[in-house]
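The chains carry the letters A, B, C and D, assigned in the order they are written, with residues numbered from 1 in each.
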Amino acid sequence: ACGGDDNEGASNGEGGGEGSDFKVAMVTDTGGVDDKSFNQSAWEGLTKFGEDNSLTENEGFKYLQSSKQADYQPNLQQLARDNFNLIYGIGFLMGEDIKKVAEQFPDNNFAIVDMVVDAPNVASITFKEQEGSFLVGVVAGLTTTTDKVGFIGGVESDLIKKFENGYKAGVMAVNPDATIDVKYAEDFNSAEKGTAIASGMYGAGSDIIYHAAGGTGVGVFTEAKNRSKNGEDVWVIGVDRDQYEEGLPENVTLTSMVKRVDTATYEVSKLAMEDKFPAGEIVEFSLKDDGVGIAETSDENVSADVLAKVEEYRTQLIDGDITAPATDAEFEEFMKTVK
Amino acid sequence: MSFLEVLYIVVPVALAYATPLIIAALGGIFSERSGVVNIALEGIMVIGAATGIITTLTLTSMGLGGLSPWISLLVAMVVGALFSLFLAVPAILWRADQTVLGVAINMLAIGLAIFVVRVLYNKGQTDFIEYRIAKENVPILSDIPVLRMFFINVQYTSFIAIILAFVVWFVIFKTPFGLRLRSVGEHPMAADTMGINVTKMRFMGVMLSGAFGGLAGAVYAVTVTTNFSGTTIVGQGFLAIAAMIFGKWNPLGALGAGLFFGFAQALSIIGSNLPVISNVPQVLLLIAPYALTILALAGVVGRADAPKSVGIPYIKGKR
Amino acid sequence: MEYVIEMLNIRKEFGTFVANDNITLQLRKGEIHALLGENGAGKSTLMNVLFGLYQPEGGEIRVRGEKVNIENPNIANELGIGMVHQHFMLVEKFTVTENIILGSEPKSGLTVDRATARKKVMDISEQYGLRIDPDAKIEDISVGMQQRVEILKTLYRGAEILIFDEPTAVLTPQEIQELIQIMKRLIEEGKSIVLITHKLKEIMQVADRCTVIRRGRYIGTIDIDETVNEDRLAEMMVGREVNFDAEYSKADPQQVVLDVQKLVVKDSRGLEAVDGLDLQIRSGEILGIAGIDGNGQTELIEAISGLKKPESGKILLNGKDVTGFTPRKVTESGVGHIPQDRHKHGLVLDYTIRDNMVLQTYYKEPFSKRGLMNYKAVAEKAKALIEKFDVRTPSVDVPARALSGGNQQKAIIAREVDRSPDLLIAAQPTRGLDVGAIEFIHEQLIKEREKGRAVLLISFELEEILHVADRIAVLYEGKIVGIRDPKQTTEQELGFLMAGGKRGEETV
Amino acid sequence: MNKLNFNRLLIPLLSILMGLLVGAIVMLIGGYDPIRGFSSLFDGMVGSPYAIGETLRAAAPLIFSGLAVAFAFRTGLFNIGVEGQVLIGWVAAVYVGINFDLPMFIHLPLALLAAMFAAAAWAFVPGFLKAKFHVHEVITSIMMNYIALYTTNAILRSVIGVTNERTESINDSASLASPWLQEMTQFSRLHWGVLVAVLAAIVYYYILQRTTLGYELRAVGFNKHASQYAGMSVNRNIILSFVISGMFAGLAGAMEGLGTFNGMTLSASFTGVGFDGIAVALLGANTAVGVVLAAILFAGLNIGGLAMQLGANIPSELVKVIIAAIVIFVASGYAFNYVIDKFKGNRKKGVEKK
């Protein structure tokens, strides 16, 4: 929706703190604000926004942590009652709750990430994860030496399916001979299962695994690092943030599919402060506006040839020459175009 | 995939899975053999995991490098033993209900661990450790055909767990200490009249259990999760208790039960790579380890005889 | 005079209750010193003080003239004091050897030196003539053997002073004689013994002196010589003259109530504990079963009362086949049961007296209507029974736990008798009770008989059986090996039979 | 007896105070302001109609899980499987709530019954295995918890057709939610479940203390040997006890499914409702009134913990520490008695009640 202004370089305090009584807050899901994933990313966006506008933490910008599902609604309500102008719900599990609370507090603005909520004072922030996943799929398809790659999902759902299908399409687009091993851990928080599943996949011949499994993905990294240390040639593709560091010291992160939740929270907050809040609208971030993409550190481990190819597909995706599939059905459709 | 290739995948996963279970179950045995029920293993593991990670992070920043996780295991044992005093003191000195204490301690552990992490790092979970205890191919042994399945892609902690099982077995069944420990769990008054200090023995039982529980948690953390958060330990302590009962309070039994769980779990997780079970619905694979345990208990293993006085506070002179 | 032990003015309190009030006991070297008193007089308490299990509130203890402070059994052991407890202190899952060496194990390196341990145990057992199997598990050996293990435990620790707390209560006459020989041998070896027993005869037979206590108070110490007899001891103990030989009316047996035919019952280890047993009891008689514990008494009762399914054979009640009935159906067919272990089987200790009084009948009118309890009716019932049977309790609303043993037993008897069963099984109904309570219970059994009920009395006390029963059946290895008339038999004869001997045969 | 009753109240109250004291100490060590912490904690518990509404809302499932655990305890059993039974009850209630379209007076009871019976069936397994094969109920229950977790997810996917982690909302005719109650309490999620829970506590009392079944169940719980001698079927009672306990647990799940959430989410980990029930049962001394009060306290602390985060920036984990400390203190009642006795000066060594 709102490209252009990349938040990276802009620390030249444009908002000008004094007088601004704009307050913005977010409610994390049970993963917590340090989840090294999208909760953290969202908070980074808010922090940056706060700093840029000289807001103080806890007063001007704040997060509340939820330790269980039942906490979402009280947390949202507390913030609304505390007169925060804009309140984010991070994660689609908060959809119902946001909807209710938004009705109860029509004067506050709300935003939800990864979900569409139809209410006049709610902005819905979504991402085209399938596009970013497509690109890392291209990387995987071109880099694999065994023609076998894996995908590990957290809990099977429409959202994670977007990652899976985009990835599969990317792999198939460049390497139709490849086989793709897909597994769901049924858990976003079991590093143990992550190692075990990864061990099974690597053991059975996959050399690259793309994970969209939160904490379970940590186990995938651990397993890859262990194998790499023992001389095996295996890779992980990270998700949500640039997970290059998670791959160290053995350096097993091939690339990462980044999802700029920070950009989203930054931008939407900014719009809200400027009274341009996209109330009732869907704000979709895609490849085009750098809402999703592949990590900048990719050139560390991905060959230049492959990156060039990625660039090609990127252009095609942005131009709409190809469409990354999000659902199983769309993937079926897509496969017809490959053959 | 050939059968052997399957084993090369399954065995290392099973070993890795079983390792913390075995160690924690051994801890449970110490406590229960001395007559104190230890539902608190879960919480002790949480504390162990937190200690393991925090220590490793600290030592690494002090420049101890690859030694850090190993030293952290020792620290976790000490901290686990100390933490188990929350069980030992009320249970042994104040005659508190041991089961209930255990449940409370589990709650305390997670609350305390995260609170400490927040205070130390100002966030809800730690960073990842730089040096973990990695899986390795054991030199020489991993070249032996077939048998190499036990020596490829393993952590040395797995061998430590297996060795510990034999050591604990030796301690419990062969040494004077073990004889005394068991007598206290069976008939504390008899032990008392033989001049054995029941309170002291039970304290030792519980604190050893704390040390092992702490070690188990730390092993899990520095081998698998490599950071600490509220979801690092979720249920492993309870499974360890199940392994202990399954193994009939015998260290070698616990070893067997731990390996059994490990294999069941490994099969369930990587089963879909195996031709035979790739068509089984995933939910069946997921529940298989637990269902198998129940079946084994009902069918093969049968009644497990707990130490006779486990769970009963010892009151001097009570008739 | 040289005393090895002097307990002077000992006082021990439990809460507000004074169990030992200014008691003195002096033990000479090389003597057997009896300690006599009613149930609850404070004998065990006094000895537990000496053994360091309890700390006294007052008085002092001297060992070989030196004042000591026995804080725990370890110190007692070091002072050469050993105790054979009234309730055995043995770890059932351990072997004989393990039980004996526990706490002072011979070591080789890190391990228990089993060979040395075993040898030491064998040596001591030989020295004192206490034959045992060092490798047997406690749960597998007889009570008599277990007692030997207890004695060996003290000897192994080099005890010079031995305390025996009611060692004979659980033994057969033969085993009692063996124990007396053992004690004499111990004295010869220079040991000194305190012996607690309720059996005056035994005191007369072995003791040199006797200290009597009553309700926690010291009464006196006398030499056991020609000037003393059993009546004199009893009088000192109770504080009045006692009549040991209350005569009861004659029995008048009628039709057969219980008919047990070729009954076979397995015990928990799968052995045939009752092995082809035949037995008949008629209404209006008390049949006493004499036998050493473990010869099938428990299994016989369990089979009759429906707690265990017999392997084969038949149980007829008033001619009706009740074999394999559930306990409830057996109860409803007219069987009452005073179980041997009143705490475990007789009462729900955490229930009030009120609730305990309807333990079998709670589901019947008027106690229960349409699935709801009528606790008013239950309370009325309980009050009536308490009144009738003189159960001493502050109210019906206190937990059964709060009653003394004698009163708990009275409550059970009230409940069982009140249901007017055709057959009343009384298993060790007077175990651990004082003379007053015993007399009361015996009277109740006789009363039941007189009402035309059949009474099956199981007891390990020959005296009790001889005293109360109209016929005595001797149980040995799961079979009735003889039926005797109490008027025409002796303890000796019954003892032979109980030990598996035939009349005329000599037993060891 | 008077003294006994007094102590029964005194110890929990003292324990709560000591638990809060521990909380204060931990706050100080962590560098937080206890006064601000507690004032926002209490404010969040009961400081506004909203707080009260949320506290009561959160208490409803805890009352049920507490009753479930307590019921088993009272009959001599440890049902550590309440957690799994809650999940099963929850999914059953939601299934009925979504898939039927009935008038409310049929639909809602039907959904509640479904929760009860599904969970009862789940609880039957450990009861049966204990009665029949003497398998330790604690392990079977723990195993059944995991099985419940995965089975629930599978049911949500394949039977209820969840594709995006959460079910659709249940039909209003099966919902316990009440706009009226919500409005009264400044939009808390207070629903009628609290009333159902209090009703259940009365039923609990009634079953145990008034019915013949209760007489029997308690007898077996206190002394199974004596009960067997008296003709009761111990095995039947073990199973029955587990089944009834499971029914309470199932209703705890229904509270979440029909009251708080009006649906269900795929869950990767346990809800905690069952484990908290153990603490609730203990603090409530396994009595109906006690369980209700303890559940309200725990619920309040949990809800207040959220406010503590907002008002004093104190992590809500602290509440866990406080609850745990309270439970440990209650369990250590003997030490209190000892101290109280000493305090009163009537020091009597070795007074033992068996």
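Here is the rule we go by: a contact is a pair of C-beta atoms (placed from the backbone, for glycine too) under 8 Å apart; a residue touches a chain by one contact, two chains touch by 3 or more.
Just so it is clear, the structure is predicted and the values come from calculations on it, not from any experiment.
> If we look at chain A and chain D, which chains touch each of them?
Per touch definition, common to chain A and chain D: B.
> Applying the touch definition from the top, give me the chains sitting in contact with each of chain B and chain C.
Correct list: D.
> B-D or A-B: which has the larger count of contacting C-beta pairs?
If we tally the C-beta pairs in contact for B-D and A-B, the bigger total goes to B-D.
> Would you mind pulling out the distance in Å between where the CA atoms of chain B average out and where those of chain D do?
28
> Between chain A and chain C, what is the separation of their C-alpha centroids in Å?
About 77 Å separates the centre of chain A from that of chain C.
> Let me have the rounded angstrom distance from the C-alpha centre of chain A over to the C-alpha centre of chain B, please.
Roughly 35 Å separates the two chain centres.
> Using mean C-alpha positions as chain centres, tell me how far chain C is from chain D in Å, no decimals.
The answer is 46 Å.
> If I count partner chains per residue in chain B, which residues reach a count of at least 2?
In chain B, the residues touching two or more other chains are 124, 230-231, 234, 282, 286, 316-317, 319.
> Of all the residues in chain D, which ones touch at least 2 other chains?
150, 153, 269, 315, 317, 350, 352, 354 - these are the residues of chain D that touch more than one other chain.
> Considering chain A alone, which of its residues make contact with at least two other chains?
In chain A, the residues touching two or more other chains are 65, 67, 186, 189-190.
> What chain pairs are in touch here?
A-B, A-D, B-C, B-D, C-D
> Within the complex, which stretch of chain A touches chain D?
Residues 58, 62, 64-65, 67-71, 73-75, 77-79, 81-82, 92-93, 95-96, 100-101, 104, 154-159, 186-190 of chain A touch chain D in their complex.
> Which of the residues in chain B end up touching chain A in this complex?
Of all residues in chain B, those touching chain A are 1, 8-9, 12-13, 16-17, 123-125, 128, 130, 132, 134-137, 153, 220, 223-227, 229-232, 234, 265-266, 269-270, 272-273, 282, 286.
> Enumerate the contact residues on chain C facing chain B in the complex.
On the chain C side, the touching residues are 48, 51, 53-54, 72-74, 77, 83, 85, 87, 89-94, 98-99, 102-105, 107, 110-112, 153.
> For chain B, which residues are in contact with chain D within the complex?
39, 86, 90, 93-97, 99-101, 103-108, 110-112, 114-115, 118-119, 124, 230-231, 234-235, 238-239, 241-242, 245-246, 281-283, 286-287, 289-291, 293-294, 297-299, 302-304, 306, 315-319
> Mind pulling up the chain D residues that touch chain A in the complex?
Within the complex, chain D touches chain A at residues 50, 54, 58, 150, 153, 157, 163-166, 169, 187-189, 256, 260-263, 265-266, 268-269, 271-272, 303, 306-307, 309-310, 313, 315-317.
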